[in-house]
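The same chain A turns up in both complexes below, where it pairs with chain B and then with chain C.
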Partner chain A sequence: MRFIFKTDYEQDIKLFQHGGAWWSYGLLFAVLAVAPYLIGSYLQSQLVFVFIYAIVGVALMILVGFTGQGSIGHAAFLAIGAYTAAFLQARGYPFEVYFPVAGILTGVVGAIVGIPALRLHGIYLLIATISFAFIVEEVLARWESVTHGNEGMRVRAVEFFGQTVSRDSNSFYFLCLGILVLVIIGTLNLMRSPTGRAFIAIRDSETAAKSMGIDLAKYKVRSFAISAAITGLAGTLYAHKMSFISPEMFTLLLSIEFIMVIIIGGAFGLHGAILGAIFIVMVDPLITMLKDDLPGMVASLSRGFGVGEEGARAVQDRLYAIFSAPGLKGAIYGLIIIMFVLFEPMGLYGRWLKIKLYFQLFPLYKKATFRRQKTYVKSERNR
Partner chain B sequence: MSYLRVDNLSLHFGGLKAVDAVSFEIPQGEIFTIIGPNGAGKTSIFNMISRLYEPTTGHLFFEDRDITEVPPHQIASMGIARTFQNIELFDNASVLSNLLVGRHCHSRTKLWQEILFMPNVRRAEKAHRAKVEEVIELLDLQAYREKIIAGLPYGVRKVVELARALCSEPKLILLDEPSSGLNVEETDDMSYWIRDIKSELGITVLMVEHDMSLVNRVSDRVLALNYGRVIAQGTPAEVQRHPDVVAAYLGA
Partner chain C sequence: MLDFLQQLVSGLALGCIYGLIALGFVLIYKATEVINFAQGDLMMLGGFVAYTYITILGLNYWLGFLFAVLTMGLVGMTIERFVVRPILGYPLFSIIMVTIGLGFLLRSLAGMIWGTDDLKIEAPFSEGVLRIGDLVLAYDKLSVIVVTVILIAVLYLFFNRTRLGTAMRATSENMLAAYYMGIPVKRVVSLVWAISAMVAGVAGVLLAPITFVHSNVGLALGLKAFPAAVLGGFGSIPGALVGGLIIGVVETLAGFYLPQGWKDVAPYIILLLVLLLRPEGLFGALGRKKV
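Our next item is the complex of A and B:
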């Protein structure tokens, strides 16, 4: 077990609390730096998606994990960022102009969406954000002079300070990685400052936050704006990666994927957003595998058990029909969320912490350490 | 000169008069206690002073300023801090960050400076920690500095809540039943601390309390409420002898 002996307030504030962290994060960076040269283009592209999802995950973590305000509307913020990028690029602006503009514009929209959050709590806020997502989807489909409606918009390669960065190149990979790292550092800075603590305070007790001098309205709107702005930045990267955007890409299912990123990762720390992003990006290829390979595998297995050619074929067809049924993805997502909420409420990062603690305390680990306490005396009436 | 003046304060929930035309004055540097049976309106008065409830009628004056219309989040920066009867801490944060939230009304850094963690933010963070450390020292919380609230025993949480209120460097502190749920020893500690707060930090204390031995030990003056009305006011001994107070508690 590691005990950090603090002799200076500087140590409280540091991003890396101990020397070991420099080594582990340094190693991670080294791996990420050489990875695109070693792995194939498919895996590289999957990693880019992990980065983009992780940026959105960080954004949602600020809003949901730290401030405690739910949102199932983040696909809409992603769409606003993506469309701003596409629109401005089509008018000849370079990446270094429309990237920040997309962030700022989405942040302003986020602040506006945050205003109803001052009066809404829990599930009602979720409903409000879902409606917002539907409104944005509808506007994108109808406002044809700007968005080209359901035809969608092409997005050309990034023009970054005169350099062309194509969406499959290693440069684009490093662009996304760099932005992810900057977003994470900015978020960590925020969380060790008064604003970040105000977010946590609002999450845990609005009444106490208010009487400690925290202006709920200001900080909730701030949280929404920051979260939306970061999602907007991710949106521009998403648009470039896809190279084509249309309203039906930014559906409720995408918002749910984003929420899953933090539920699965563990909604209490930034590590969770990254782990969740990796998991979610992996689910898609997994479903494809289920669809393409599993029926054949089961069929040959049943042949091995002597079911006979006809039976095996029937099994294969039946399984194929099940796995290519429409809505399968949503059903699997639902199942995964339920499983995680029931059996791993602290997510993948929570599991990692549990494993770490197990080895640190080796013979003395007890399961109850992470058991959630019931609190009986929270007053709901004063908020 | 009165420091906090409550003038003809009432709070009605429909036909129920939770607080009914209550007036009192607290001079600077006094420990003033409100007692009364359950439902007498003590916490309601607190909630009105910290502006969580809107008074139906009446006015509140703090340092000769009318604070009846001040929004709740500005109360802290005016120098009024409070604790809650049922402990309202930030459960999933460490003791240190709870106490640092207490410093919130003194933070002046801008959002963009915080995102970039500019040198002024770093300086402010260190200054806040130095202040917090003084309170940690005063209340003997060193051992719990880095602990998460959710894992702390009730008695410690109660002290942390007092510490958080002190971190905002208040001029007036409202303590809502500081000894509820504490054992005899912890109540003893609490009574010493309350006196220290008054004598060393020069903070005026307004508290609601049921434990009469604590009330007798610390308070300068006592106000007794029943059904939202003031029934007696004076020194602890006077109030306890008052026939209406005896009647309210014993039902005679």
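Our next item is the complex of A and C:
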């Protein structure tokens, strides 16, 4: 087992706590660098979506995981970023201009949304962000001179310093990967700065944070603005990857998918955002596989167990009917959310930490290490 | 003027539905500080259950109504026992996510069981209209208003006059203290979920003759009940009804007088205004803790 012996404060805020991390992240980076040349175009495209979802996941992690606020309206920020990109691109601006502009604009909108957060707790904030998302969706559908309404907008390939980067090319993959890495490094640096520690203080106890002299208003608005700005950046990439955007792409379902990213990954560290993004992006192909292949597999399996041809065919048809029922995706999403919150509340990253600790402490691991404390006497009404 | 009155009455009927769903939010919120995002979907489920009893099994309308509401009570208790109780006391965000997931699940299951066609329940009074001068009021809309008002009054009396209602209020004030006072908190919470699911069931059955029963009806109406609950002060039973009425009327009038698009946004604009100007709502008793 590795003991990290800290002797001064500088050591406590190092990006990598120990030398081994350089090796593991270096290896991961090397794999990601050669991956697009080895895997097919389908998987490469899925990885790009993982990167985009991970950027949004990091943004939400800053807001939800680190500052303790809530938002079920991040699809709206994504939409604002995407539409800013599409609008400015149609006016002839290159990527290096509208990419930061989209981030700044979304950040400003996020700050405005954050202002009510000063007075709102918990559910009120969630409801406010949902309403905001609905209003944005409606505005996008009605403001036809800018957004072309429900017809949607085409988004051309990225023009990056004179180079054309098409959405399926490896260059676009590296662009997304690069932005994701920059966002992660930026977030890590943010979280070890006074601002980041103020966020964490607010999450742990607003009262305590306020007594320590943290200006709640300033930091909550800042958290919203940063989170929204990063989501806006992801929005431009999303617009380019989809190459077509319309208001019905940015619905409540997308916001909930983003929340699922951090719930599934584990809402307490950046690793969670990445793992959650991988999981969410891979759910769709898995469901398709379930629909297409599983009935046949089960049928051949039941043939192997001596069920007659008739029976096997009946099993196959029945399973096929079940898996191609409309709304299967919704049911699976619902089940995933419920199961994760009930049985794996720390998410995939939490599971990884548990497994790691199990082997580090080998015979001495006990479950209670990760048990969460329950609090029964919390009344928001008396806050 | 006549148009206005006509719209007003449909707005009131719609508002009553919002009020009933908001009432479900409020009951559960008061007792457990949980927001049940699946409340609208419980309403949808109530409609489907009633459809099963009345149209498929051919029961009498009123008997089917009663059975549907009782079934919904059972559903509510089941959900509480297996989904909500294990995570009670955990961070609010996880609990809300669970109810969102539950909403997804109920919606998809309903779509799989009853199909995705629009279903209709025939109520014995659904064809009739009441004429007052030139004003034409459909009985099915009036029935919503009447039943809602009665239900709210009964619940108000229940919470303020009966022993069980007092126990529920005590639980909502402070769960631990209520437990020390000998109140069986778990059973009370379970009953609160049952009542709230039953209220959702009533709303679902009442709505069925007016609109169609469809698996997505709950999501749209459920989300618009949030503004109603917030406007009423999220914790006040009469507030839920008043909030619902205001939202329903505003939405209907906005759909009639304002350009297209305002109808769907109006409730949320009201919600944001209320949250900005008076977060405690019209009837709320939201004290603020000072540091």
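FYI, the second predicted complex is superposed on the first by the 337 of 383 C-alpha atoms of A that agree within 3 Å, B and C clash if a C-alpha of one lies under 4 Å from a C-alpha of the other, contacts with A are read in each partner's own complex, and residues count from 1 in each chain.
Keep in mind that, in the parts below, a contact is a pair of C-beta atoms (placed from the backbone, for glycine too) under 8 Å apart; a residue touches a chain by one contact, two chains touch by 3 or more.
Because the structure is predicted, anything quoted here is derived from the model rather than measured.
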Larger contact residue set on chain A - chain B or chain C: C
Touched partner set for A:R222, first chain B, second chain C, both or neither: first
Contacts of A:K210 with chain B and chain C, given as first, second, both or neither: both
Touching partner for A:S193 - first (chain B), second (chain C), both, neither: first
Which of chain B and chain C A:F279 touches, first, second, both or neither: neither
Touching both chain C and chain B, counted on chain A across the two superposed complexes: 207, 210-211, 375, 377-379, 382
Of chain A, residues touching chain B in the complex: 9-10, 12-13, 186, 189-190, 192-198, 200-201, 203-205, 207-216, 222, 268, 373, 375, 377-379, 382
Interface residues, chain C side, partner chain A - complex: 29, 33, 35, 83, 86-90, 92-98, 100-109, 111-112, 116, 173-177, 215, 223, 226-227, 230, 234-235, 260-261, 264-265, 268-269, 271-272, 275-276, 279, 285-289, 291
Contact footprint of chain A on chain B as seen in their complex: 47, 50, 52, 71-77, 81-82, 84, 86-93, 96-97, 100-105, 107, 109, 111, 114-117, 121-122, 124-126, 129-130, 150, 164, 168
Contact footprint of chain C on chain A as seen in their complex: 64, 70, 116, 119-120, 122-124, 126-128, 130-132, 134-135, 138, 141-142, 207, 210-211, 252, 256, 259, 263, 267, 325-331, 333-338, 341-342, 345, 372, 374-383
